[in-house]
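Two complexes are shown next, each including subunit A; its partner changes from subunit B in the first to subunit C in the second.
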Partner chain A sequence: MAEITLIIDGQEVTAEQGKTLLEVAREIGKDIPTICFHEATTANALCRICVVEVEGQRVLQPACIVKAGAGMKVQTRSEKVVRARRTILEMLQSTMDLSDAPEIQQMMVEYGADANRFPGAERRESEVIDDNPMYVRDYSKCLLCWRCVQVCADDAQYTFAINFDGRGFETQIGTFFDKAIPETSCVLCGQCVGVCPTGALKPKREYLLEQGMTPQEIGVLNTGRKQRKQR
Partner chain B sequence: MIKADRVVSTTCPYCGVGCNLMLHVKDEHVFKVTTPFDGPVNHGNLCVKGRFGYDYIYHPKRVTTPLMRKTPQKAGERTQAFDRSEWHEVTWDEALDYTADRLVEIYKRDGSDAMAVYCCAKATNEDNYLLQKMYRAIFRTNNVDHCTRLCHAGSVVALQQATGSSAMSNTASQVIQNDVFIVTGSNTSENHPIIALQMKEAVQKHGAKMIVVDPRRIDLVDMAELWLPLKPGTNVPVFTAMAYVIVEENLVNHDFIDDRTEGYTEFLSTLETFTPEYAEEISGVPAEDIRKAARLYAKADKAAIYWGMGISQLSHGTASALALINLAFLTGHIGREGTGLNPLRGQNNVQGASDMGSMPFHYPGYMRVDNPDNRAKWERAWNIEEGGLSLKLGLTTTEILGHAHEGGIRALYIMGENPMMSEPNLNETRKHMQQLEFLVAQDIFINESAAFADVFFPATPFAEKDGTFSNTDRRVQRVRAAHAPRGQARPDWQIICDLAKRLESRLGVASAYWDYSHPEEVLREMGNVNPDYAGITYDRIDKIGLIYPVPSMEHPGTPTLFTETFPRGRGKFHPLEYVPVREEADDEYPFILTTGRLLEHWHGGTMTRNSVLNDAYPEARVEIHPADAEIHGIRNGDPVKVQSRRGEIVVRATVTEKTTVGVVFLPWHFHEAAANLLTNDVLDPQAKIPEFKACAVQVFPAREDDLARPDVVVNRGRY
Partner chain C sequence: MSEIDLAPVQPAIEQYIPKGRAGLLPALHAVQKIYGWLPEEAASEIAKALRVPLADVHGVIEFYSMFYNEPVGKRIIRVCTDQACALKGGDGLLNHLCHHYDVTPGQTTEDLSLTIESSPCLGLCEQAPVALVDDDAETNISPDFHDYELGLPRSIVYGSIRKLTANCGEGTTTLAKYGEYEGLKKARTLGRLQVIEEVKASGLIGRGGAAFPTGIKGEGAEKAIGKQKYVVCNADESEPGTFKDRVLLSDDPHRVIEGMCITAYAIGASKGYIYIRGEYPYIVPILEDALQEAREVGYLGDHFDIEIRVGAGAYICGEETALFESIEGKRGFPRVKPPFPVTHGLFGEPTVINNVETLCNLPLILTEGAEGYRKLGTEKSPGPKLFCVSGDVTQPGLYEVPFGVTLRELLEMAGGVKGGKSLKAVLLGGAAGAYASSAHLDVKLTFEDLRAAGLPLGSGVVMVFDETRDMRDSLNRLGHFFAHESCGKCYPCQMGTQRQMEILNRVANGKALPEDMIRLQDVGWTMTDASLCGLGQTAGSAVLSAIKLWPELFESGSLPDARVEVKAEKKIIVKTMKPKAAKKSVAKAKTAKKATTKKTVAKKIVKPVKAKAKKITTKKSAARKSVKKR
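Let's turn to the complex of A and B:
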């Protein structure tokens, strides 16, 4: 494998050709935050929190997909980078529910993000969808990172039960024809739950416990359809 | 958001893939399961059972107190007691003392041949090792078996005969290295979901070509290069016709045959009749497709075969598996990475339970019981006088119940198994169960078999005990308790040791040793005699499991078997003849019934029918092809009666092209419509495996009222 040399935050780095800036930076211990990026899914640079400044490039570059190039001069924490990340966090906070995303809350603190920067922003509100026995979907907490869609598709499961639905601000993850999950091709594997970074997808049991039910009450709930109907 | 008190790493209790699980515990209660993305087995993926199907642990019907029947049970009049009101709650001492008294009484009166035990492919290696040790060392009998008999016995016997080994030759993660692979008799997407993902990845991302040979149009067919829809039970002609083509077109690997095998000439002389046209006539698979499949497989650089119970669960299951083995020998697709003969084992620990000697012909490590040298090894290990252990081959699972009568088996101990769901021809099984004089059940629920018992020992599920499971690709992995046992439940290994000590003191015999303080000591005792496990310690498998054989403490494990030689020396070709299934379709019973499993359920249903999984798939459905359905006036969702010469059930029909014309499919998980009431209890002569995969049935329209649960309708969109 050919090797290249580049400069990250003033430090000369030798790296394998073909690696992304994120991979190379992490190898030398640089802390580049990520939200939509996941080791098990194809990177798509959707959230832009991992942007870095590359000398000679007009705009900030998403480190998760941009390949390290010979002679690149990269800054991972320039003022421009920090401002961009802070703004991304503030926009997320203003439109969605981050209560189940402690890592993002931690980033808010680290980047000094102002939770009230956009006080009049329209929030993405959604009812909790409880349509199957295994997991619930709360799209108020969804930041459209695409991981769930990817693992349901050819990053893992090849089931293709969910996709983006709607356009622009109305975009939401959904099923085809808005069918209930059990009636789709979903196999209830929960790969989507496993990669959700914000608790928008959550195991039903965990959700019920959070709602204040006791394990005993959940046990009774799960003893079969008949008992459920009687409740 | 719930913050876990602790996160416990363990191994999934469902199928043989052996996925790594992280159990998130809060207030002594597992509330979530995740899996590490860098895990060596499943790479961050799980199926519905592994991720969500653990809640049976907390089901209100789980038994956590020792129980004894209120009404004393007598041979011939034994009844089932599902209701707790028919049982006394007793102390562990009462239950163990009573059991020891009864077992010793029967043993002293009727001797070793009256005693039998079912070990358990769900339990740990340590549990299984101890239970077979108890029966062999104390009762001096080899009447020890478990459900391996009902799933892969045909494959095990065939592999033993042809190679001298009996496990997957390569690991499942090598699927992505295959250039061509055959999947046969395995609905991998539902029964080994994570291996199916790797198969799909091999096709989609690594350019592999997949050949599916199966009577059902299973999910994998979508990505297959070729689908050979054979009639159930026609494996031998189809695969031997492939061998015919490989020889006819000189695609054989002569070097491999010369250097590594024997019996090739005899094999060739029997090949003549197996032309693809002959196979087409019998199996319905177009001769041209058989030729294509043979060429694809033989010409590939690396090709492998993965198979399931569609090969082994037949009255000629051993021959079916041998037909696959012959193909690998002809082409040399064995002994290298990305090749191999790979029976996908069903249960989480069926490989391990077999390794532990939970079988009537073998001690741990597949040492034949009729070999005095092997006997001497275990006599030394168990502190037994010379010549004390039995050289007599024991009875198999189905034979044990078949011998439940005066002068035969009188006392049976069942750990975790459910023969009243898993045996063929259940009406017969019921009669046999009734004939037992004494029955002990060690389980977590009063299932259909435990309901017949005199004594119930409440054991622990996987999340409440420590030990090891050995998965389908021979990887020995840790099982760890997430929390203490519920109620008075106890880990199986402790129950067995306590009972064994009581038995020894009543019989006044020297102790075979039962004072273990931790399961790790049990594994060490076994590994000291069984060379495959000699180098496995809990320390070494703390993070990542080791793939046996691990002959020494420094050995890194053996992902690929047979690289230099076969355990028996040369691989042996086996000439085969075509023997039809015992019961073919006729005018009276015009359909062939084949049985199998569903993604959401597990075997006899003890776990999954008591889980949220049952909400996801609450009823049995019979699959029937649209062409057949139309002739019989059956619409999708209609209640139908499925009848064989042995029994009948009423279920709803699913009209689907997932099955083929003339073949109907039933899952066997549902006690209210048990598929095994219909199946044929004829056995393979060598492996003694029953013919679950083919029997003749008729299908009639029925009424809603005839259904066991007319109010329950499954409504799923998945394939």
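Let's turn to the complex of A and C:
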């Protein structure tokens, strides 16, 4: 593997060619925050929380996908970078329910994000959808990282049960004509639940426990379902 | 729902089945033509036939604002309430219509006879106010609603030169009239590589907004290796205030096709697409006829052929990679770049994508030679340029001038600010552009001079606002436009356009909060610096320019007197403005297009519907509204 040299925050770094700026920065102990990035899914570089300033580039660059290049001069915490990260966090906070996303709450503290930066802002809210035996969906907590759609499609399961409703701010994960999960091609594999970072998709058992049900009560529910199925 | 007769679906989509997923948009259009909307059962049929997952088909329907997943009226009236139309009473027109039919914007009458919607810019700004009534353009609608022009819109062409617009203004130029493709002939004698050299030497810069040198693109795609190469004509023209491509496509389609043939020859492409916005349905038959003519004489054929793709209401699909996704039958999400289209474009293959006006320059460059071409314009911005002049000017229209005339000269050509008023602002480059003030009047309209002045050339929009205008209204519409058109993929733009809209709305209503200006700046800069594509990267541009020019507008609690004057202005508009005769120096001034297709009708826009209107709101807007309410 060829090696290259670049400069990150004034520090000369030698790295393997082909690695991303995120990987190289992490190797030298620099923390670049990420939200949408996940090893198991195709990177779409859509949350932009990982942006860094690269000399000579008109706009900030997403470190999770941009490859480290020879001679690059990178700043991971310039004023522009910090403003962008802080504003993105403030907008997220004003849009969705982050109560099940402790990493993002931690980022808010780190970047001095004001939780009430946008008074009167419209929030993306939705009812909890409890329509299948495996998981519940609470899109008030969805930050549109796309991971669930990707693992359901060609990143893993090839089931293609979910996609998007609407566009822009009003985007929401949805099924064909908003059908209940059991009426779609969903095979209840649970891959989507596994990659959801915010508790928008939650195993049903966990959800019921949170609602105050006891494990016994949940057990009875489950047997009930199994019996019904057998008939 | 069960009464839906699915028999007509198969025959309607038959021809798209071999295309697989890439046939999705045309198939949806075809089926929507049958039912007026896209019933679930019909969408299922399409999914099965084209082998596209059901959820994906639904996702596509949901993305495009001209596809409906609930019944809508047999007739759909889309009233433009964007910038230029708003200056001429677009809002009043919409309200009047809605009142008349007892619906609110976005609703359908109970008998399903009519749906009325407000629409982003329809690309007819020089003839504002306008509406799209099904597939017809209704232009110059007079505020008392008794007079308008229906059918194929006129082309109003002025300027000091007629190079690109030589054949514009007198209806569609047929192949017989256009003559041989002289530029293509010349290209073939030069040889592929020399064509690219010639285009590079001409200094041609793309006219779609991103200002990229055209020759370099061709060179990249020529060198790239792929199974098949593509040439794509970007005719999505959805930048508010832009209408130049509409005129070129409807009056001189062969110039566009010749430009595509030259590019295809140079890079070795065997397939081309013209992607035209869904709001230009009346141009599609013109293009179909022109393509057929070109096939008959062999310009198109097995070696290179062109297919038309019709969009469905999504500004983002003008972004080149979103446009590719759309042709491929997907939601119009921009791709991450690199890789760039010249190596990984449409279907992942080497692709040259150019704007309509860019392509129209190619025949000229080849027939005149790079040197001859460079006689017009400046060293860094050679050639002719089209400007879309609209708003408060005496003579709105398409102006062809050499690069290098000043903004003042252009406005003088257009008869100056209407009604002898003085100038408040010019929106340059469209919604994605920036406001200029009278201090900028002497800036030369070239890429380099504008850049030095901190202004964008964009797509050639020059929208004029007179002294009485409340710029907060214009800003409010900008805010609404971007929030409506953001694809939602990346966070800075998905949420930033929403927050920007909310704040601009407060500002326009005189209810700005302390620090709203700083909020707008943080949001604007974050979108500019961190967004994934050009939409988000320019969504704050005009707002940030306004903050520099008129910081007082954003002060909390201020409600300047401009509002009152706006009302007064409406009266002035009521006097129907008869377009003045063009200056003598203009070779062919505005000429009425195809008198036969144009009707001036003195009656109500549509016959009153007797049944009492029930408020049926389409599912999309219902779903969105319910989110909003909470």
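The rule we apply is simple: the second predicted complex is superposed on the first by the 224 of 231 C-alpha atoms of A that agree within 3 Å, B and C clash if a C-alpha of one lies under 4 Å from a C-alpha of the other, contacts with A are read in each partner's own complex, and residues count from 1 in each chain.
Criterion: a contact is a pair of C-beta atoms (placed from the backbone, for glycine too) under 8 Å apart; a residue touches a chain by one contact, two chains touch by 3 or more.
All of these numbers come straight from a predicted model, not from anything done at the bench.
Trainee: In the superposed model built on subunit A, check whether subunit B and subunit C fit or clash.
Mentor: Fit.
Trainee: Counting only touches as set out at the top, which of subunit B and subunit C does A:D100 meet: first, second, both, neither?
Mentor: A:D100 sits against subunit B, while subunit C stays out of touch.
Trainee: Touch test for A:D165: subunit B only (first), subunit C only (second), both, or neither?
Mentor: After superposing on A, A:D165 lies in contact with subunit C but is clear of subunit B.
Trainee: Output check: A:K80 vs subunit B and subunit C. Expected answer is one of first, second, both, neither. What do you get?
Mentor: second
Trainee: Determine, under the contact definition given at the top, whether A:Q157 touches first (subunit B), second (subunit C), both, or neither.
Mentor: Once the two structures are laid over each other on A, A:Q157 reaches subunit B alone.
Trainee: Using the superposed model, give me the angle at subunit A's CA centre between the CA centres of subunit B and subunit C, as a multiple of 10 °.
Mentor: It is 120 degrees after superposition, to the nearest 10.
Trainee: Kindly classify A:L144 by the partners it touches after superposition: subunit B alone (first), subunit C alone (second), both, or neither?
Mentor: In the superposition, A:L144 contacts subunit C only.
Trainee: Touch check for A:L46: first (subunit B), second (subunit C), both, or neither?
Mentor: Second partner only, subunit C.
Trainee: Quick check for you: in the superposed arrangement, does A:T184 touch first (subunit B), second (subunit C), both or neither?
Mentor: both
Trainee: Between subunit B and subunit C, report the minimum C-alpha distance in the superposition, expressed in whole angstrom.
Mentor: 11
Trainee: Under the contact definition given at the top, report the residues of subunit A touching subunit B in one complex and subunit C in the other.
Mentor: 184-185
Trainee: Could you please specify the touching residues of subunit C with respect to subunit A in the complex?
Mentor: Spelled out, the residues of subunit C in touch with subunit A are 40, 43, 53-59, 62-63, 69, 314, 331, 336, 483-492, 494-499, 502, 506, 513, 519, 522-523, 525-526, 528-532, 537, 620, 623-624, 627-628, 630.
Trainee: Going by the contact rule at the top, pick out the subunit A residues touching subunit B in the complex.
Mentor: 38-40, 99-100, 102, 132-135, 151, 154, 156-159, 179, 182-191, 193-195, 199, 203-206, 209-210, 215-216, 218-220, 222-226, 228-229
Trainee: What part of subunit B is in contact with subunit A in the complex they form?
Mentor: 1-2, 26-27, 29, 31-35, 37-38, 43-48, 51-52, 55, 58-61, 193, 197, 200, 204-205, 223, 599-600, 610-616, 618, 711-712, 715-719
Trainee: Applying the document's contact rule, which stretches of subunit A touch subunit C when the two form their complex?
Mentor: Touching subunit C: residues 35, 44-49, 51, 59-60, 62, 65, 80, 83-84, 86-88, 91-92, 94-95, 117-126, 144, 153, 160-172, 174-177, 184-185 of subunit A.
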